[in-house]
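Shown next, in structure tokens, is the structure this report addresses.
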């Protein structure tokens, strides 16, 4: 049965490793935000081979498991001289994997900017760079903020995968505790509750933001 | 080992489990998704509450946590399933929760007028759901369900972490015995890609067939 | 003289959405076979009157009787209680409705739209349903469109299919809720012709009809009685000639003047 005393005892240990989970989430998300934007702009490139290659890469990454990509980064990269410790490898894996999703999100945001805006920018003699940074993106980003927020939560819930490449985040901490004491129930339950407590209110918040945002536009 | 030998060894060892887990958890997820999605739209409050709790719990925690909980923690409460059953259950429950949201929003997107037309023709609410609302909603939800299917296939790789011998598990085993790291993990990525691509196109085809009425 | 009982009777019907009172105590009867046209400004509550009868909305107070039976209520131990779904299902058998926005089933062909209810609701065999459906589709002049999806039809054609779909259920009472209001002007005629055919020319002339419309000439042509509705009450009613040629109330006079200009 559930041992409350044991649960209280191990709680600080699990909470201590929550820091790693949070760091991995936000660093991965930041990387995905940047890479995703790059991918979405590259896929809109007027140079055909560039846009084709970008779309191919996005398709490949999206259609293969994050877990295997993590193994690839963690085990294959060192063969070519790039050895990463678990946290960096995890952040890189998360960031790359989700950049392909975010590039789609950016793309839908960009495509929702009326075509006339491009023409107006041209008429005002903006450079292509200026058109992106001053006209298109400022209009494309606000409507997609809620979707981006949801991906942040999704990525948070994906961080336990990093335990597969030996990162000691909250799930791995609970697993180590369990392996040492043969008491898995308390640790895993606590981890589940932590995920729920952090993700459920956030997703509700985003939902209400979404409703308000959509009203505004 | 040559690349080809590695490929054969991987497929021979793990393809079956990957496909079985994908297939059965997909079935479970779709059944749960439809049940919970429609239950959330029910006029009975108790059904809405139960299905809402199911959806929020399984979306709010993480698949790997759920998998570990069912595999490592549940036996301590006296309930023990085989690894493959645990895997199917965990993935099915998790994706069922996501699918239910897709089902719910698709059904909600059907205009009220369709229901009114059904009432005017004296259909029962069950008949109007089955004959009018769901078939239209299905065309709307199909692309999203298709995406979920791809996500589900990818997520089956997690079952390797509860020692279930799928493709990923075999790659890890093979890696520790042959050290052909680059080849093995590249092959593994390609195998998943090759499985998921036809699924993507299959769904696109089905989508076209089911929405001929949309112009 | 034999006294004919009304087929529809509204008794002190009110309907409110929050503070907004849409119907303010309607007493109103329609007799079997009668064609009644309901006219009045938009938002006057005409549509609500029909929707209550189709059981799409529930009255706030009052009762409605159809063929002498209470529509929305059942008497249990002498007390009026809100009727169960089963009772509503029973009552709806005799009522059909055509909507302003057609509400065809977009995922079914024209034929299937019309066949659907006979099969699922009446339990008709597929063969018989097809026969009946084709008969109705022919009646509305769309026999060449049997296997086409609604998206490929014009608004007028859609509405004609919707009429066939309602007719195939052989209702004793047909409600038309502004059937031509959503149509382009050039498509109004074809729909009115079909309704007229049903009302006065065909073999369905014993059908009771409640027509909500803004087409005054048409109302005058087919209706036995015109009812002018405004701000949730019946202001004036009578034969078409009485009402159109001799409106008594200032409100109706103002309303009609907008159409005669």
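A, B and C label the chains in the order they appear, each numbered from 1.
Going forward, a residue touches a chain if its C-beta (ideal position, glycine included) is under 8 Å from a C-beta of that chain, and two chains touch if they have at least 3 such contacts.
Note that the structure is a prediction, hence the values are computed from the model and not measured.
A.B. asks: Centre of all protein Cα atoms: which chain's centre is nearest to it?
C.D. replies: If we average C-alpha coordinates per chain, B lands closest to the whole-structure average.
A.B. asks: Quick check: more C-beta contact pairs in A-B or B-C?
C.D. replies: Looking at contacts between chains, A-B has the larger number.
A.B. asks: Mind checking the centre-to-centre distance between chain A and chain C? Centres are C-alpha means, answer in whole Å.
C.D. replies: Taking the mean C-alpha position of each chain, the two centres sit 55 Å apart.
A.B. asks: Mind checking the centre-to-centre distance between chain A and chain B? Centres are C-alpha means, answer in whole Å.
C.D. replies: 21
A.B. asks: In angstrom, rounded to a whole number, how far apart do the mean CA points of chain B and chain C lie?
C.D. replies: 46
A.B. asks: State the interface residues of chain C toward chain B in the complex, per the touch definition above.
C.D. replies: My answer: residues 54-56, 85, 89, 92-93, 95-97, 99, 101, 103-108, 116-117, 120-121, 149-152, 165-166, 169.
A.B. asks: Which of the residues in chain B come into contact with chain A in the complex?
C.D. replies: Those residues of chain B that touch chain A are 56-57, 59-66, 68-69, 72-73, 76-77, 150, 154-158, 160-161, 168, 171-172, 175, 181-182, 185-186, 188-189, 192-193, 196-197, 200.
A.B. asks: Quick one: in the complex, what on chain A touches chain B?
C.D. replies: Going by the criterion above, the answer is residues 1, 60, 62-69, 71-72, 75-76, 79, 157-161, 163-164, 171, 174-175, 178, 183-185, 188-189, 191-192, 195-196, 199-200, 203.
A.B. asks: Which chain B residues qualify as touching chain C in the complex?
C.D. replies: Per the touch definition, chain B meets chain C at residues 111, 113-114, 116-117, 119-125, 127, 131-132, 135-136, 139, 212-215.
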